[in-house]
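Sharing a structure here in structure tokens format.
Per-chain numbering from 1; labels A, B, C, D and E assigned in written order.
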């Protein structure tokens, strides 16, 4: 597409808004990644562990969780946002604004993360888990000290992947007045056909992702020295 | 390209029209009527407003009907494009609605009941956002730092001297918010969503005037590429839309709030568009 | 070194069976461990030997419940493993160190972190951990490699990390699954010395799977021989080595003793040394059973006197005398030359106090199988004539098949040598 | 949320539209998954292989591809859709409709897939790759016969994960007149406040996902017998 | 078995160095292989021995370019590996089979699929593949396990799959990195026989890393001894075994020979057998160098005659005679009793044609180190008095440290026995 960089918009108005959007996005993405990331890690470990043949194999729990994750994940986020509104209000106190966007984002992120975590734990060598078991480590200790460290490199890459997913979700925060960079790009750029505004916001998002992925790659590389 | 040989409007080469809400009764009726008159149309449904004009411009659509003149003017100026209005359909007033309680009853009956410092939700798309701020200003709920324009944004509001705060959000989300969110006192809802949300349009606390000179920028139109301004088939489509059976369905869907805009000629509409475009350019 | 054995075994297998779904017959089962009952006493160094795939690892992995028996029960330190709660089992496991056949090192932990891991589980004070890890790594010679990751180590280095890790918390029981297979002889020796030392000093019970007979000889006091999932022979190492009963045991021990020449070797020697070829079994002591009865008497102790007395001319050709728990046993092969009758007389005298295998001379040879069958000595590996060898059933039919298959392989090799060009053309 | 199942919408109009939407969604999702999945597999393998220390280590190629993927992925899909329009027209001939939606979906899916593939190849044991190398296998053969088979179980799960992602993307096809179930749920249900319509479409999507995930789990379990 | 050697080596290392970043000194380098020059000829069975971590695997992995030398060059079948294109290298690799120390089986392929893999790479016809896989699996005794996955196999079974896979395409060179470490003695024997057979029948060159001296003895014709990255000794197996020069070699061979008793054993024997303890070295032949010069002469061949002639009383206590490439070498320890002067005279006569280690009698003992240093025999493992042993530098300081560290470990064990309760309390 041809990008017309001369902007018709008034940057003196947009600039503070852009800064605010960056702050909102960072807030949404990082809070979501931390809360949803941790909960998703827990859920993912449980999904992995209850899988037939694994650490605490439990067919019923696995079936139920697997089903639940598959129920939540396919719901288009905008519909999920609307459907969650009553819950959001009772948890956050309001259904509009940045904080209100974070809650459904966390829920969705938890479920998405759990799948990626499950997937990345699957290839961990059973021999090491067995070694820890033989030393008398409890299941929780094994998860904490063997399973997760052994899968850490791909897990870090999975979280980098999720970062983009969450950023994408945060673009929908605008629907409920949550602001953010994605909304900035869409509302002040895309919907107004102002390429300069659109791409300014997009470039900031790209830079964010480059930084996060760069850090993730560096960590993964260190971890992969093994 | 394979259907190029067949004449436009025939069964193998229907007129492709981009709209928002293809299942609305007026489009169902329109398709029926057109077919009865030997014009085959294909209604393409879009989810929001951004793709219809570029699609028309590139030839993916033959016509579109979803926007008012202001929106089109803004698009033309922004994209150095030259899409033209072929005929009018309707003007919809924009209303302010109160939050509802558990029984679905409005909490506030009049402007004066809206508490100072409360939050009002408005649509977040550019033209409707500006128009909604205009409504709030006219209602005395907000004060602007300068004059109102068709592109006023929330940052133009003088918050210190305004009675309420505004929160822009996706237009269709506002009705939901009015019933479920205790922190929102009222919202400006685009008429498209009022009826769907089960709100009685007559309960609006305030709305703008759809029948005045000031409302001309908000005339919804059929748009075509400039080269097609004299295309007979397309003109016939507009005429079919402007017949009673179709307009009745449209009015039914808007629960009587729409003001028909079939009285404007193509030339008139083109003139309005040109005026608005000039204004927009001069503002830059 | 004599080990005092308490009456109650520290590890006891009672009719233990472990089955897997069969790979060949769908729906059928394969018995990796087949009805094993076995007692291991506190302070034992208990060797387990047997063919590859015999079920040794499976059996040992049941001691710390990494594997659960399909039927039967395993009792460790007085408690039936099946009755332990998760917490009790973990407490028990902390008292059992294990060296894995495949090492199972934590790939994202350094050498030092691997060794420290069980110490952390045991909540050692940090400074003790550091000191302990240092000393263990010094012992296994990996101090300079403390900060490396397992992927940066050689095979033997990995195994040594596994050894250090298993010893870290001073376990009461040590399970060593081929703990020295990747080590050079010197390092092996030193590791074995350590095992012996912890056994003697702290009474650690060691269960030792190994393919190296010399390892069993050197440090084990008891041994069990497994074949096709069953324990076919078990007992005191000296008894088993000196007088193996089961054909499988005989084969294994033959490889360790190197005392008796195999058939090919005898044939080869006969070419070079045409005189009377005689193998004399050497046993330093009588072997007594638990009741004190002499089962097998000493042998070969007076050979030099007899040689001197009879004045026969002798050449030392082949043999081995090795010590099993400090007592020499083995066999030596001589060529005796001289007058036939004189040698016969000498041999008759020798046979009074010794086991003698008379292969005859080049001119008057005794058939190998006949000669060997007369002596009480472990049948050597190549003595395939042994009719007592059990038909290898399907279940355990898992060892190298030897000659027949080999010929076939060669045939295929030949065939393929001709065909591979064709194969190449038809790509 | 309270689901009012009595629908105010005219099902005689909606029903054929729903069937059409299901067909459109299946078309979009499967074509995207096949094309984007294959291209993403290729790109992911190249990303993995050019990583420092890997099969065909190439710092420059890795850096460039890594950067490129990080440029494309953070662009909100709706903006990407608009930005791709001229390219879509020149490739597909039109910028609206289902076919026009599939093209940018394939592009985005390729990039997303590549990251997941890369991530799932990372833990494959180098020993096996080395064994194949020692036997004279070419890089391509190693990828085909060792690398991918060894990572297949988590890869299958990754594709199941992607299925949801693509389904999500397809919900945006409505923005360019592409239809589909997501659009059906949003345009005729959510935007018209008709819960029955919304959840009818969402339930169909959930069922689709359950089926796909169920199949993926079954395959992964078989593969994990090792 | 005599191997005809062509003049050009099939594998040649020329001043090869392989360095890794140092784990201890940041920025420094660690030489895993340090300036190795070595030729391996076509048809050789070339054994490589050395301490764990000496660099054996690293060296061998350079033959098929899995590892590239940091400096120096490796030439295989006449071409410098550094000069090969990717395609040429792949073609070369197809002619080189490799058995990996860690097996490296494809975990998602069945046993049969693992073995078929190189055949597929070589584009064999499907029916030949099936037949070949069948025969190979029959040979390694895994026919019943053909459809299992590696995780369902025992350690030895995995190794046998690796062996079958490496042999599948009839390679010209076979690299075997501890190919029998997980196998029982019988299976080991049979695998070695197969290696010997392919070597003799098809002239396959075998490079064999092993920790089992007996493996080298049995089938290798040449041997190289590695220590700290360098090849410290190389040559014909018989030469090296019979007359090892480097202290490392001596130590290794001592473990294989079991001929000479170690110091503890001598002390123990002295208690039981108070007479004159003498070890006689047995060498069946003179050892000649390549020029035909006698380097070391035969030994111990006339001992029985002398015993008979002098009429000394003898007891056979300990020893081992083993064959290295079909020639017996070893040592036997006797107790001689009788008149001191008579025995001295006898020993003097014996020493004329034999290497004799005189440990003296209980009343008049000769110090172990002194006794051993007089003889030309490999120093046994426990003879740590050996001053010639090189100080183990940091780079190669990688072997078990023995006594000192051991004591420290015990100390820690003691310490911890006391402290672990404290440790437990402070959780």
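One rule holds in what follows: contacts are C-beta pairs under 8 Å (C-beta built on N, C-alpha and C of every residue); 3 or more make two chains touch, one makes a residue touch a chain.
A quick note: this is a predicted structure, and the numbers were derived from the prediction, not measured.
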| item | value |
| --- | --- |
| Contact-graph distance - origin chain C, target chain D | 2 |
| Inter-chain pair with the most contacting C-beta pairs | C-E |
| Reference chain E; chain at largest CA-centroid distance | B |
| Distance from the mean Cα position of chain E to that of chain D, given in whole angstrom | 55 |
| Intercentroid distance (Cα basis), chain C paired with chain B, Å | 89 |
| Centroid distance [mean C-alpha coordinates] between chain D and chain A, Å | 17 |
| Per-residue multi-chain contacts in chain A, two or more chains | 78, 82, 85-86, 190 |
| Contacts with two or more other chains, residues of chain B listed in rising order | 48, 50, 176 |
| Where chain C touches two or more other chains at once, by residue number | 102, 151 |
| Which pairs of chains touch, using the document's own definition | A-B, A-C, A-D, B-D, C-E, D-E |
| In the complex, chain A residues that touch chain D | 1-2, 51-53, 66-67, 70-71, 73-79, 82-87, 112, 115-116, 118-120, 122-124, 151, 153-154, 157-158, 160-161, 164-165, 167-168, 171, 182, 185-186, 189-190, 198, 202, 205-206, 208-210, 213, 217, 220-221, 224 |
| Complex interface listing, chain D residues touching chain B | 9-10, 13-14, 17, 78, 81-82, 85-86, 89, 93-97, 100, 172, 174-177, 179, 183, 186-188, 190-194 |
| Of all residues in chain E, those that touch chain D in their complex | 64, 66, 86, 89-94, 96, 98, 100, 102, 104-109, 117-118, 120-121, 149-151, 169 |
| Residue ranges of chain C touching chain E (in the complex, touch as defined) | 20, 23-24, 49-54, 56-58, 101-102, 122-125, 128, 131-132, 135-136, 138-148, 152-157, 159-160, 167, 170, 177-178, 181-191, 193-194, 197-198, 201-202, 211-213, 251-252, 255-256, 258, 265, 268, 282, 284, 300-301, 303-305, 307-308, 311-323, 326, 328, 330, 332, 334, 381, 394, 397-402, 405-406, 408-413, 415-417, 419-420, 422-424, 426-427 |
| In the complex with chain A, residue positions of chain B that touch it | 48-50, 74-75, 77-79, 119, 121, 124-126, 153, 155-156, 167-170, 173, 176-177, 180-184, 284 |
